[in-house]
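Two complexes come next, and they have one chain in common, subunit A, joined by subunit B in the first and subunit C in the second.
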Partner chain A sequence: MFAAGQHASTCHPHMIIAYRAGHKMKVSNMPVTEVKTGQDIPAGGVTFEWLRQAEDASLHRDQEVHTVAGVYGGQPFSVIEEFNFWRSKPELAEAVAAIKALTAVIKRSEASTMMGLEIELRNASDALKAWDETSISLTAGCNLFLRYVTRTSAVEYEDIAAGKARLIERGERFGEISQKARRTIAMLGQDFVHDGCTILTHGFSRVVLALLKLATANGKRFSVICTEGRPDNTGAEVAKELLSVGIPVTLILDSGVAYMMEKVDMVLVGAEGVVESGGIINMLGTYQAALVARTMNKPVYVAAESYKFARLFPLDQRDMSPSPRHVDFAEPIPPEVTVENSARDYTPPQYLTLLFTDLGVLTPSAVSDELIQLYL
Partner chain B sequence: MVGTTSGYEAAVDQFVTKMRRRQVVGSQSSAKLTAELLRLVVSHQRLPSSGQAAALIEAVKAVGVRIIAANPIELALGNIVRRVLHIIREEDVSLASDSILDSTLDSDDEDEFGNVARQSALSAVSVAAATRNTLRAPSLYNLLESVPGTAATQVARVPSATESEARSRSGDRNLMSRKLKHNVIEAITELLQEIDNCHSQVAEQALEHIHQNEVILTLGRSVTLREFLKEAKKKRSFQVVIAEGAPRYQGHMLARELADVDLQTTVITDSAVFAMISRVNMVIVGAHAVMANGGVVAPVGLHMVALAARRHAVPFVVLAGVHKLCPQYPHNPDTLLNDLKSPSEIIDFGEFSDCLDGSPGGSRTHVVNPSFDYVPPELVSLFITDTGGHNPSYVYRLVAEYYSPEDYVL
Partner chain C sequence: MDARRRTVIDPKVRMVGFVTPTADMPAETAPGTTTTTTQASGLSQAPATTVSNFSPSPVIIPPPQKAAAPPVPVPSPGIQSRPAEIEYPSAAVVGSNPSDSLLASSSLPSSKTGILPGERLMQPLDLLAASMPAGTGTIGVKPGKGQPTSSSSSSAQVLPVRVGSVPKSTASKPEPQQATTTEASKPLKERTSKAERRAKQEAERAAKAAAKESGGEKATTGAEGGIGQSTVQKESKAQKAKKEHVPERKGPQPSEKKGTDKMPEKEKKKEVPAPRLQFDDQQKVAKAKRRSLVEQTETKNRVELFRHLPQYVHGTQLPALEAKFFHDDTMQPHPAVYQVGLQYLTGEIVGGNARCIAMLMALRSMILDYTTPAEKTLVRDLMARINNNVNFFITCRPLSISMGNAIRFLKARIAKLAVSLPEAEAKASLVAEIDKFMQEKIVFADKEIVKHAVTKIRDGDVLLTHGWSCVVEMILIRAKEMGKKFRVVVVDSRPKLEGKGLLRQLLSKNIQCTYTHMNASPYIMQEVTRVFLGASSVLSNGTVYSRVGTACVAMVAHAFSVPVMICCETYKFHERVQLDSITSNELGDPDALVKVPGRNDLSALEGWADNEHLQLLNLTYDATPADYVSMIITELGMVPPTSVPVILREYRKETTI
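Up next, the complex of A and B:
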């Protein structure tokens, strides 16, 4: 069906639609006009073959919108349930659970072409994102897997059975990859922890904890200052974890960051998402800590796995999808008082020193390079 | 194996001893000697018929680890070892993909081999994709695609698929083995030339940066800087203010060398830098090493000059040959990468011996004489290397171009 040696994009057309958080894909019966911004009209022009496939796919999609959440090949299947099942395992991050759920979609898929499979996956991914619109790592994980599927099908596999098998194998390995990622980051980052240093941390991040535990296991003696982390009370959880491996911990109020900064040697945080500019989105208060650290010339290190890299470019703090969190105040507040209760903030790249990722140690300017390598 | 190694063992031992005794001074000469030694190692290696690149890499790594251990402060040694490893990997990959394309070109002629041609062409596409991935640093795509090890075995597996119908190609295989060594040695010779020419390459860019009637400030002495200024002197007239660079006072030597080419020079003490900085247009300095985050390991006193320049918005330009670019990050630069020299350079032993360390009255005076300073990347405006001018935030790209991530930890 495909002539040898022809470049993949001319013989295997597919529509790639750029994703932004919260963006919904439009459904249309005229696939030619749906192609966005000059991408992926095949080099040889729009052929009948391409049109036919695209029309088939979009017709197929109308039917499948219903099947994703309902009966699927005789068995009830919901991608959301699958996701929650994986999410309930404490060691798995959100993005990994999402990818495992999408792998399950591939397993149960009955599509006969790679394009059909991609459409199904896109629907499933939309459903997941709609279920939790605020989670950046979930969105990033879905986008990463979808992008990977698109690229794989374009380059290598004409036979759908082989292609599916490969994708399923990759998706299932992804759980291992995420564990390996944490270990790699811990190994890279613990070099930067020296004896006698004081580390300030904010928020609860399993990667940061893995890093600190590995540093202790390697015989380094250091102490940690962690912020209380209202309203999530992450501080208490972090303190418990660190005490269990014998790291001395000091708990401070969120407002005490500047007060303690002179005693601190470095700031180490995790990230919910790493954005294109090289900045990070993390729990509310990270930006504040980074600002104070920069003023007092302390390095700010971020530990984040590579699947958290998201295609976002926030220009200011309001430029992300809002994620409000309920806050308990000690006294009852009169209803006329508005409460600003965003759960996270954006730290621009100029306040970050280095990012520890499983791709290696990166400077913030190197992050956009990595993203381009993936998405181009 | 014993026979082949004794050829270069003596040379390696000699080199290691020289480095340990600090008889080789300066990153350029260290880099040159290391590259020459590694070229010797490569040419003496007798390679097995398959997995040659791996054998070469093992041999070079074994020697490289010894060289680095002999003088850990001289970062250029590790840089050159990693460059050579990267060269071996690159040549191996390009030879493998060349041989695949060769085999497809041959079998295209015959009709009966039509199927084979189609298979090989497709696999060539995937091999090219795999090689693109192996040469690049681990990326998000590679994360899902494969571990670098399996990609390499893909590359190795495809030749074996064509092996069965190409017994006559065994002659070609021997040719390929000799080709790898030959290509690697050629590439190392190019590397040596590059190290030799680094001063002139950097100096070529002098006219773009130094303008008429400018005042340049520097501290201590750098050969790269001297050539840079001499080149600019040919077409521009400007002045140079040189801070003497205690305790070794190498600024005096640079002043003499520049005065010999009729450049107007002013010598000041290090403490006068802040006083003079507002009257200066640009600060240009050399470096001992450039780290992967854009930070600079420079002769002591330059951090202070960088701070002064930042305070008065004066551009701080660093000249460095590419052999000084190090793929590692400074974990704890002030203590780890510093060379603490003898305190007698600062205080004469005779005059103050009664209050120095180990004296009968107990030590009341510690004398610390570090040779290097770490200048963080925020303070540097521009790097001028033999490949051109770069931002500190661009250094990671240069590192990715010249080094393979598998070699960062030897």
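Up next, the complex of A and C:
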């Protein structure tokens, strides 16, 4: 029921995302004279066929970039503007907005081959990613969509029109898919909420809110403790949302997590990104909440859509691209003081109990399995 | 050439067969005693078995899933070429230090039927001819056959440790008795007629083909090898007229077997991977001994817990080995295979990738030189031929897991060949497959791993590594080329001291290094930010099987919360699950522990073999639990150790099916 069958089944073994078009592997020094490049190459990983195609494509790359500029010369099209347009819609997550923007690129594309289209998309998504390097769900959304394009191009190799139509349809539907994912997660996750329990949440997450609302709608009675969420004051927002459906809310300071933990039955957080190790990247403070919960043997649940799965593998906190956030300290601070103001932290998988995703309820180690099937 | 080779003194030789369990068991018999031995054992053996026993099929299956590690500890000039070997995996590269090489000077590889083998091989054949009609019974008992030749033809040669021949005969006597009294199935097996045995082999082979997947690499390399070889052997030995009868026999016999209750047993065997030969199982060992290729020498004072492993033994086995391998054309390993095998033996080729590439290159040239004999099909004959050659490799040194995977891949490709395919095309496609495997699975894979791994190195990092993994070396050098500022701690351990080789490479690239021994790892770990380690294999429960000491380093790093990254190509992954380092391992030379270079005063272990209360254990590998591993860097990306089964599931099928 929860299997990621649709992804796995379309997996094309010849494509590895790591081998971007720009790379030319040096194939020398080996006594290889004849290398079969037929269609029947069954081996996984990088194949010569793929390399050749990539090389062909990269040769035309400059031209195509140029034609894009030429075509839109009169009416400049910017992925980023498109993205921002979609992002301004309240119900859309960042990843969805990115996919919508990329769909717009396809619509306007005049590439004549799937490979050309792919390159164009790749450039667009690189631009998007560069625009906000810190956003994990943006990167993940772009990558996921590109991945889908690669697979489609593998499937519908000859017919560009059909491939394009399929991609556009997919892109258009993605918003809907993401809504559906949220509902699925809410449905799966609300089983874990039982009557009379107290839930601690940290950060503002649409999925978590949907889950809690659904649980209430199903007649469950529980209370929520939410953290203040400095500096964005996410706690106030969450409290307002929850109160509107009649869930009792307690607001605490971010530093009060350990103080309140003994009254808590479970910790439920969203995620900005779910990384390959099965850990999550989320608003600053999630890690310490998870640590405290682990110390007191409380379960930590994460609700996240599968499009937030990112091919990242941070080893520690410093291993992520920094995303500084302006912090407003009430007192004026002498300039000599260094302010460390990361907006997020990385919670390693050993502190998480389960992840509620639209692929099912997963253990952290299953995330990597899904990612491998999704991306490789 | 010949003379030179014979006079080479006492090369360290891995004893692959087995070692007799009791200390006073004779390794082999001197020529003079041969007759007594054969008579003694001949009495106890059914005459029917003689012929087949005679065929020197190396059925001994040493644990094939041992991974690579160099038996020779010294960082010699040869080592410097190690990374280069990866880049240029030609057979020539490996012999980088010919003067060290035992056989480098021999003309062997160039001349397939060279003077050298030819001359000396005549003799065993003559001997055979003489002894066969006489019906002396079990000439197949090892000492009877190869030994006289080698010792008679080369009197100057240094003989391995051998004890008198008398215990041999006494030892072999009780064994058949045991067999008849205690175990019912065993004597049955041994007493079956030749035809029956052949039929059984056929049935087994068929079963194996059907269940190719299920069996581990071992099942394919080892067991099949034995079967294939012995059949080939027999056929060649049989008169030509006889050959025509052979197929007729095959027909009815298997069906008879199927009728009996033997079949379910076979089915069972199919599902369970073939058990490794446990070297502490006296019966099995004795049985294997009879079929063994390599002369036996003695290790003393074996460590109790590791008795089931093939023991590392000194000795000159080369002459006997050659004698046995060369006296028959079908048995003869290809010259390239022979060369590489001996390079394994002498420790000239070490390191998982280097060994695997050398093996593939050797098999590649074997396939290029291969012609299908008349009345045989390429697929089956080539498979048997490859089994022969692989067995030779195993004789020289147990296969590593990566090599087993490569062989499995090659065999799958051979099995997939259409029978109707012309020989030239079949060969070309196989060669292309091998080349592709080497490029994609090893060369490209390493480049990808390097690309992934350098992203985890930041300015100011202190990286720690242990031993000398060529992938790690490539990573460090690449990171340096990219201008990253970091420091490397090379942790080394006795007796191999491989780290010195790595140190030399890194220093030549002006990388700032610290060199220390394992003993200091907890101290040095305080300042380390990343640990990079290589691996011989990664097993499906995430256990990392690597050079001994890896587990220790990983454990210390884990205790200090330092991330441990294992760099390993996916072709080295294996479906097996292993929880300890005992069940499967490779024993190194115990004498390597005895002497410390430059410390002649440390003589406490001199003559250790005479003290029965003392055992020396020199392990080659250990298993690092997945808990201590933060990530595994493969060419497919960086994955947690829990994802190894997924990669196996998603990617292994394409190579083996």
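The working rule: the second predicted complex is superposed on the first by the 304 of 376 C-alpha atoms of A that agree within 3 Å, B and C clash if a C-alpha of one lies under 4 Å from a C-alpha of the other, contacts with A are read in each partner's own complex, and residues count from 1 in each chain.
Definition applied: contacts are C-beta pairs under 8 Å (C-beta built on N, C-alpha and C of every residue); 3 or more make two chains touch, one makes a residue touch a chain.
Just so it is clear, the structure is predicted and the values come from calculations on it, not from any experiment.
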item: First (subunit B), second (subunit C), both or neither touched by A:S306; value: first
item: Subunit B versus subunit C as contact partner of A:D316, first or second or both or neither; value: second
item: Which superposed partner A:Q288 touches (first subunit B, second subunit C, both, neither); value: neither
item: First, second, both or neither for A:L359, with subunit B first and subunit C second; value: first
item: A:E276 touches, of subunit B and subunit C: first, second, both or neither?; value: second
item: Partner chain(s) touched by A:R151 [first = subunit B, second = subunit C, both, neither]; value: first
item: Contacts of A:R170 with subunit B and subunit C, given as first, second, both or neither; value: first
item: Partner chain(s) touched by A:Q373 [first = subunit B, second = subunit C, both, neither]; value: both
item: Common interface residues of subunit A - those touching subunit B in one complex and subunit C in the other; value: 365, 369, 373
item: Sites on subunit B touched by subunit A in the complex; value: 117-118, 121-122, 125-126, 129, 136-141, 143-145, 292-294, 329, 331-332, 393-397, 405, 408
item: Residue numbers on subunit A that touch subunit C, as the complex places them; value: 11, 13, 16, 18, 25, 27, 29-32, 34-36, 41-48, 276-278, 311, 313, 315-316, 318-319, 349, 365, 368-369, 372-373, 375-376
item: Residues on subunit A engaged by subunit B in the complex (per definition of touch); value: 4-5, 8, 144-145, 148, 151-152, 155-156, 170, 174, 177, 191-192, 194, 306-307, 309, 353-354, 358-366, 369-371, 373-374
item: Complex interface listing, subunit C residues touching subunit A; value: 87-90, 361, 428-429, 432-433, 435-441, 443-445, 447-448, 451-452, 456, 458, 530, 563, 565, 570, 630-631, 635-640, 642-643, 646-647, 650-651, 654-655, 657
